[in-house]
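Structures for review follow.
Both complexes shown next keep chain A, but they swap its partner, so chain B is in the first and chain C is in the second.
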Partner chain A sequence: MEFLVSHPTITVLERHLLLYRRLWRASAFSLFVVPALFLLSMGFGVGSFVPRIGNTDYAMWIVPGLLALLAFQTAVNESTMGIYTDFEWIGAFHVMRHTRVRITDMIVGWLLYVLVVVELATVAFLVVSWAFGVPQPALVVLVAPLVCALLAVSVAAPTTAFAATVRDEGHFHLLNQFGVMPTIMVSGVFFPVGQLPAPVRPLAWISPLWHATEINRAAALDSFTAGPLTLHVAVLLAWAVLGLVWARTAFQRRLAS
Partner chain B sequence: MSHQPVVFAEELTKEFGDTTAVDSITFGIERGEVFGILGPNGAGKSTTMRMISTVSPVTSGTLRILEMDPQAHGPDIRARMGIIPQDNLLDQHLNVRENLTTYARYFGMSRSRARERAAELLDFVQLRERADSEVQPLSGGMKRRLAIARALVNDPELVILDEPTTGLDPQARHLLWERLFQLKQRGTTLILATHYMDEAEQLCDRLIIMDHGRIVGAGSPRTLISSLVPPEVVELRFDAPSLNDYAGKLTEIGDRVEQLPDRILVFGDNGDAVVAEIYRRGLPPSSVLVRRSTLEDVFLLKTGRRLVD
Partner chain C sequence: MAATTTAPGRHVAGRVLSVLERNVRATRFGPSYWVMVVAGLFEPLFYLFTIGAGIGALINRSVSYAGLSVTYPEYVAPGTLAVSTVSGVFGVSVYSFYNKLRHARVFEVILTSPVGSFEVILGELIWAVARSGLFGALFLGVMAALDLAAPLRLVLAFPAVLLVGTAFGAVGMAITTYVRGWQDFDVVTMVQTGLMLFSGTFFPVTQYPAVVTALVEALPLYHAIELLRGLALGGSGLALCGHVGYLVVMLLAGLSVTRRRMDRHLRA
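Then we have the complex of A and B:
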């Protein structure tokens, strides 16, 4: 047990959680307010103009997508400035480099931290949407935390890698404009991907957010099919693995320079 | 058991693209000694320190630390080493104690052992009453001491300090030197890079002087001074727009003459005799100072430049 508790990866996670605890109050507020705003504006606001998609009530249809979107944004937001600050201002990773902690421990410890934050956000979202009276099939409650976890890693790993290469905060605006925003638009969160112009549709196929949204929605609407499920999971895993490989190289370069 | 130095470097070289930061240097560091790397900014001190810290890979040459290859055994070496980086790199959002316990955890200590160790070290660096303080409001000297305490968490055999007292006031410097001296007495090997010759003279048993990535002198502070420069220096200032005429006339008097922008240094075995000769020749200066030669003078005579500009 002590081996596990004092594993370098866990001690890295511990440091990030210690810092998170300091900001607990501010983040607890946004944990519940953000999902409430999402649901009010998109679910009920837009939903009042778009009564149904197929046979499904719009609020019911959009909730699984909003949940994935929340996990996506949380993972990106944490992994941009969080990593940048720890490299550029605090030097936290440089300090870890002076100890027994290896680069893999730094990256995995960080991703575990992002997972904790994303799962807190996921649970808060489920609670808020339940409070708003959106039906919560048991399947969503079971599947969503897993999907959000997978999505979080598949997004946080490459974002972490990118952030490790950044020396100027301005680059995050570029990431936002050319990465995050287009991804959100093409990922079928707000409307079915079939509505997109045909040439743009392939963008959805490489978007981790679309794949997570699809699984969540299938769970909510009880419309699982094994084939697409495997494919969705495979794409998410591919993002995670490529992101991890890139992150390793980026950390190695940054820490040796 | 055969005798092995704690650090052994042979033709150690580090290149960044086209620039050679460290150019084929060779030295050894013995167990229990305080070893200094003295040189001006940009001499290659920090790069050498980063290679010894196992953080920066070697471009060519040999580097052995605690009888291990830093490339293959980085974590094993770091487990027995304490590193005090130039800019402290304290965790700004953790308090003083948490900075130590978090670091102790990075070495795999249990939480309770980490807390014990933090308490011991806060006593050692006299920060016990600031244990719950934020890092930001600490003075420069306190932050430095905290960085030293952090580097001692794993009870290292070898401690590496990059510019330990840069930016500190004299009182803080002396307190720090005292702690470092205590470490030396316990048998810890210390390696320090500095551009302060007084620091090097105070603390180091042996040192190398670096310039442009190369070693320009090596030995104990005393032997470096006695073997490379005459024992005494006369510092002369003149009320004249140009010192060139004076410098020319003074060359016959001392063993060596160095002209600086604001004064002329005349080196000799006997400073008072040099001064007497200057007056006898009718070259009265506006001010005179006779002093013993220092490492600063060694650097000046070796490179024609001063350590601190």
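Then we have the complex of A and C:
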């Protein structure tokens, strides 16, 4: 236990959590209030116009997607400015370099921190949707936190890598407009991918958000099939691994200079 | 552009123009500027194509609006236009304005010249509305291309886009004079998101219980959306006048508060 607590990865996690404890108010709104507002507006407001999808109520249909969306956006938001400020303004990673903390510790410690924040938001949203009267089957309560964790890593790892290469904040605006928003558009969060024009549809297959949404939705609608499930998990894992490799290279380059 | 700086005129218009000219000259029109312009246009299109087309295909029936029956994309497009006009104008009149007011201290320098505080405010407001007006015009073009409203109606909607931009720009500047630090912008974002989700952008406010409907109808974004929607789809003239009146009052109140606050801040 002593070994675990003093492991450099855990020290990095502890540093981020300590900062979060002081600054959490700034992000509380986007973590807890905005998702609830989206559920009210899209799930119930727009939902009142949408006929049932299959034999599912629209609000019920959209919640698994909103859960994945929340994990996706939280992972991106944390890993953009969070990494950028630590490199560019505070120089935290440059300082860590002079201790026994290795680059792997920096990256894994950071991703563990993102996981903590994502899980807080996921659990809060499950409670909120239950409170709004959207029933959450036991399978969702079990599966969604795991899927959101996997999605968070598969998105936070490449975003962290990208943020480590960026020297100008304006690039995050571009990431948002040309990366994040199109991904949300093609990932079947608000409407089935089948509604997209045929040439755009293949984009969903590479989107981690779509794969996570599909698993969550299968859990909610109790429509699991083994084949697609393996494929979804495989794509998410691929994103995570490639992201980690890229993050390592990006950190090495940035810290060498 | 003239090689020499225009001397601030003896007339108000000349001095407002020199504030505008400063903004034009201070902007770096490099590739990153144009990428930002493309990104600004991309955002409303994103909403139009996801919510409008995607959910529109699910809804598959007409929405009744002011006694007319319209398709869902036709219903959503003007709402999207209003939301993006407001967020476009806030980019300048809230975020840039804050930077100029508190950090770059541009206004303190300008006020040592013959230019007065009200002229600064007008110049900044015109600059903000010019950019969001450009986005608005492009978006109206897309609406016409997708046949979401009659072209003649869209031409009529353009001045309304400018009015929405001006009214929200003035109020945005007024709010910014009260902002104490970057943390306060979280509140601005929160209010903006809340207004977008519930002011009738994506579904009619008549969906709510009567009390909530009345409350939403008192909010500014509702009037911006309904003005643009009424012009695009055809609403009653009297209601349109009401929305215009609301926005004009916003504009005047915003300008007067901003002026008073700026004088107090910059003389202190």
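Here, the second predicted complex is superposed on the first by the 250 of 257 C-alpha atoms of A that agree within 3 Å, B and C clash if a C-alpha of one lies under 4 Å from a C-alpha of the other, contacts with A are read in each partner's own complex, and residues count from 1 in each chain.
Just so it is clear, contacts are C-beta pairs under 8 Å (C-beta built on N, C-alpha and C of every residue); 3 or more make two chains touch, one makes a residue touch a chain.
Nothing here was measured: the structure is a model prediction, and the numbers come from that model.
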Considering only touches as defined above, state whether A:185 meets chain B (first), chain C (second), both or neither.
second
For A:98, is the partner it touches chain B (first), chain C (second), both, or none of the two (neither)?
first
Should A:230 be classified as contacting the first partner (chain B), the second (chain C), both, or neither?
neither
Could you say whether A:249 touches chain B, chain C, both of them, or neither, answering first, second, both or neither?
neither
Once the shared chain is lined up, is A:90 touching chain B (first), chain C (second), both, or neither of them?
first
Overlap of the chain B and chain C footprints on chain A, listed as residue numbers:
none
Going by the contact rule set out above, which residues of chain C touch chain A in the complex?
32, 35-36, 39, 42-43, 46, 49-51, 53-55, 57-61, 63, 72, 183, 186, 189-190, 193-194, 197-198, 202-203, 207
In the complex formed with chain B, which residues of chain A make contact?
2, 5-8, 11-12, 14-15, 18-19, 22, 89-92, 94-102, 255-256
Chain C-facing residues of chain A, complex
26, 29, 33-34, 37-38, 40-42, 45-46, 48-51, 53, 58, 170, 173-174, 177-178, 181-182, 184-185, 190-192, 195-196
Which residues of chain B touch chain A in the complex?
53, 55-57, 75, 78-79, 83, 85, 87, 89, 91-94, 98, 102-103, 105-111, 151, 154
